[in-house]
Amino acid sequence: MNLDARIPDGPLEDKWSNYLEHAKLVGPNNRRKYDIIVVGTGLAGAAAASSLAAQGYKVKTFCFQDSPRRAHSIAAQGGINAAKNYREDGDSTYRLFYDTQKGGDFRAREANVYRLAQLSTNIIDQAVSQGVPFAREYGGMLANRSFGGVLVSRTFYCRGQTGQQLLLGAYQALEKEINTGNLEMHPRTELLDVVVIDGRARGIIIRDLVTGEIRSHSADAVVLATGGYVSTYFHSTNAVNSNCTAIWRAHRRGAGFANPCMVQIHPTCIPSTADFQCKLTLMSESLRNDGRVWVPRKKGDDRHPRDIPEEDRYYYLEERYPSYGNLVPRDVASRNAKYVCDDGYSVLGDKARAVYLDFAEAINREGRKTISERYGNLFDMYEDITAESPFDGPMRIYPALHYAMGGLWVDYSLMTNIPGLYAIGEANFSDHGANRLGASSLMQCLADGYFVLPQTIGDYLHDIYMDKVDPDHPEFKNHEDQVRGDIARMMSIKGTRTPLSIHRELGELMWDNCGMARTAEGLKKALAGIEELQEAYRTDLLIPGRADGPNQVLEKAGRVADYLELGHLMCRDALERDESCGCHFREEHQTEDGEVLRNDKKFQNVSVWEWKGEDQPEKLHKEELVLEALPPMTRSYK
Amino acid sequence: MKFTLHIWRQANAQSKGDLERHEIDGISEDMSFLEMLDLLNENLIADGKDAITFDSDCREGICGACSLAINGRPHGPGKGCTTCQVRMRSFKDGDEIWVEPFRNAAFPIVKDLMVDRSSLDRIIQSGGFINVHSGPKPEPNSIPVSHLVAEEAMDASACIGCGACVAACPNGAGMLFSSAKISHLGLLPQGQPERHSRVLNMVHQMEDEGMGACTNHAECQDACPKEISIAFISRMNRDYVKASLIEPDKRRGTLSNQ
Amino acid sequence: MALARGLTTLRLLNFYRTSIGKKIVVALSGAAMFLFLIAHMLGNLKIYGGQGDIDSYSHHLRTFMEDFFGYAGFLWIARVGLLAAVLLHVVTIVLLAKQNRRARPEGYRHKHRSARSIASMTMMISGPLILLYIIFHILQFTTGTIQPTPFQEGAVYFNLWHAFQVWWIALIYIVMMGFICLHLYHGVWSMFQSLGINNQDRNIILRWFSTLSAFAIFLGFISVPTLIWCDLLPPPSEEVMKEYQVSIDEGSVLVVKEGGRHEP
């Protein structure tokens, strides 16, 4: 497997301009001769598709939702980082790079992260000119808030709907290109296979979710922007239909899967209280700006939280991490919530695990109106779900699966190891290492989509000039037949277990053994459990209805097959990475006070897994990380 | 809790649909409405029946995918929430509940409770955007935007495109949806150059989609999960009159003197 | 062809082609009728000045700007204008209603109402009823085509007094004024909304204006039949009528004397 990241020469700050100066280009009147497929229409996909179409390429986009505007990027609440330094509080490109690298616990590629920090400011310019209504101060200037893991105020926001507003900007740009005629949109379609011919990605096989038809689409390059894979855990903050199918099927066709075990747990979610619950709802991390996290000092203290006096409250984050306090990075906040609940301090007692997030002080300090303006919709959302108002008492929160740092391996130009196959946004592994800082995912998706991919794809397309393949190529027919065969096989099992029940069981295994804290023993148990589930899936699956029309159970069944395989790989990766770093916390490797203990000698690298066929174990490759500009240090937020 | 459900079943856009009666028991009041339907589906599958098809995705009220009319009201009981945010505690034990798809000529039914809302996308396509490339831009703070204007634009832009306004309107009008986008972009300085062409194009597209006319019932505002105000409809009307009658149409060209 | 193409480029026609354009036409024609109603009601209230007052007012309408338009010229201009407003209002509403029906081919099985007022829901009932009543009203009091009670052209007080002695004529009149009130309660506010005049600052004022004007018009109109039916107004005097009738026949101008009495 070729894992050459093709990082340009020169000092860190010049690498991107160096790349641009030397990249090969496709001329404006030749661009219309190239077809590019973009799968997924979230922030990264919509931004890339619209930018490529605006440049003049013929772009086809695909999404499983009924409209591109529904992609799960829309659910990002808090904000987007950019090193604008509007507050003159010491921010800079380097500082953003530094925070991201440190936040990621030094498991990301320096050149990518630095480029991300450089491009961050362009994103704000782009979004504002598209009409994204960022919050403004009374003087008319852009407002900022602060987020976990940093000491500056660099997060731009649109109330608690930043992801939605940024996505609408990209979606509108996408719709504009449809109007112009450069872009063809295929909603309600799901990618089921990637077609690789002579070592290059040449197209995709999709299922039309309305008619059930299996169709081929050929192209000169295929871009996957299909998001992350934490739905593997069943209970997560992802949408119920978010899935790993596109990247997993690409992986099965030869794309390397990098750092699959690195998934992030978001500290502030509404806890899971029952089995039937289909998902966990995230409460923006920005709440930690004004909310204080605590549990009662006395176990099982059943007084109303407002009646518990200060001295009986344990503000564990503020006590353990005086300088960052409630704003420690997500992995630290999550793990600490787990510890206090492990010790029996859960504020939901035996029923479920939760800690308090209290706004009483902020409401006293700033007034109910200000807090309501800042977090109104989050408070409403909490009240809708729990029937309790955060104005009357603290929220009950607990960590939940939220984001996948891992993903398809890509080089500096965001191309996977399959030439012509690109992965952008959360679908790739590139920028967040072992942990992502808040408000950085929107930043990465848009940087990839608006600024990186549209400028790197020409370098590849230039080389394959006029070498066309169309959907009549026998390979496409081959792939289509395989896909049809898979569907027919699933439909014919007629067993007793629904895909949902298998998924739920997989989720429990993963959360218990490959969640916030992992042990070799637990991971081995999970591997065995997943293999059993795979067997149940093969022999006892039940799908009602037909395949030649809308069939949501069939869709789910296909995705669950991929979750099972990916879940297995995640556990293997977690087992192989015999260190702790960022969100990957192996209990065998911790400092005396329970912090993450890295092993840089052995694991300062990216694990990249190669698919070897259904009956063979995946093969592990490594991309060594060269960390020169910012050598690894112990990550301390004390 | 126990409920009797009357759920709309329809095989596809062409066939005729009807309500189907289901009983469900063992529902917890903390369950969301869609989780209750998930459970019903699991029961149906176990009985060898076809599951009920309905759209949903984020399940936290922001993606706009869910599109059920519960007891004749888009997104069901409660103000400012989507179907997925409705909890079973909003109903009484033993209630009869009617579940139908969003109804409109512009929303053909795909299957059961799933409808095709691509008409809303086409309205955006016709003009709901600002034309920009991704190259360098002016520094955003060089064009100050008043806090209040930004907030008003954000109120309009909060639209999640679920189509509840169209479904709730007794006339099947798409005014609230279109006016929200027209107002969002029309309020901001960045949206001014295309302001008039935008309102003309979007209004014409909305008409072409076969949506109805506004008679100011305000049902849309009531059903809107983001509580978008019908003041934006008034604003759109104003902009439309200005764009179609007051603003010069042909700005260029010579004038004949005879 | 060329003419057809010429017409399609007419901005006003394009404007009318959209439902928003039509709504503006409905609002403006409604506004004209609303203003007429206010004037009509104020005219009716002249009955409290006595028989001569209202009869002379009616005459004055015919002689208003007589020098310019000729006798009853102004009145006819107003009548044509109003007729145009009514036609535009009705035709446009019919077109809109057809569009609305097409937009919702299949309704909800379970009906639900959240925000609609009784007034807004019944616009399509109150509207046609009002139209029918206007026709009856004109036939009864303007042209005298239908004469269930004694009628003399130009003798407003005489006609009203006799008509409203009959309980069912008074009742129909009052009920129809109720429908007009209902129609205006929604229609006037709706007019501001359709014209794009409404916003968050003005809504409360516009809402109150609509409610109050609807009720004021209702009360103003129904006070006349109520008082007549309750015998609170004196029967028409032959003398005044005669004097007034003569003056019309001679085509002379009335001179208004103090105290509301008139002399040729």
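General observations
Lettered A, B and C in written order, each chain numbered from 1.
Operating definition for what follows: a contact is a pair of C-beta atoms (placed from the backbone, for glycine too) under 8 Å apart; a residue touches a chain by one contact, two chains touch by 3 or more.
As the structure is a computational prediction, the values presented were derived from the model and not from experiment.
Dropping subunit B from the picture separates the other chains, by touching, into A | C. Two chains share more touching C-beta pairs than any other pair, namely A-B.
Centrality by C-alpha centroid: the chain sitting nearest the overall protein C-alpha mean is B. If you average the CA atoms of subunit A and of subunit B, the two centres end up 27 Å from each other.
Between the Cα centres of subunit A and subunit C there is a gap of 65 Å.
The centroid of the Cα atoms in subunit B and the matching centroid in subunit C are 39 Å apart. Residue numbers of subunit B whose C-beta contacts span two or more other chains: none are found. Those residues of subunit A in touch with two or more other chains do not exist in this structure. Touching subunit C in their complex are the following residues of subunit B: 6, 8, 19, 69, 71-73, 98, 100, 103-106, 168, 170-173, 203-204, 207, 210-219, 221-223, 229-231, 233-241, 244-245, 249.
Residues of subunit B touching subunit A in their complex: 11-12, 28, 30-32, 34-35, 38-39, 41-42, 44-46, 48-51, 53, 55-65, 78, 80-81, 85, 87, 89, 110-111, 114, 116-118, 120-121, 124-126, 128-134, 136-141, 143-147, 149-151, 153-154, 157-158, 160-161, 184-185, 188, 190-191.
Those residues of subunit A lying in contact with subunit B across their complex are 47, 51, 54, 65-72, 74-75, 86, 122, 124-126, 128-131, 133-142, 158-159, 161, 164-165, 168, 171-173, 175-176, 178-179, 185, 187, 210, 239-242, 273-274, 276-279, 281-282, 380-381, 384-385, 387, 450-451, 454, 496, 498, 500-501, 542, 544-545, 549-553.
Looking at the complex, you find that subunit C touches subunit B at residues 11-12, 14-15, 17-24, 96, 99-100, 102-116, 120-121, 123, 186, 189-190, 192-200, 203.
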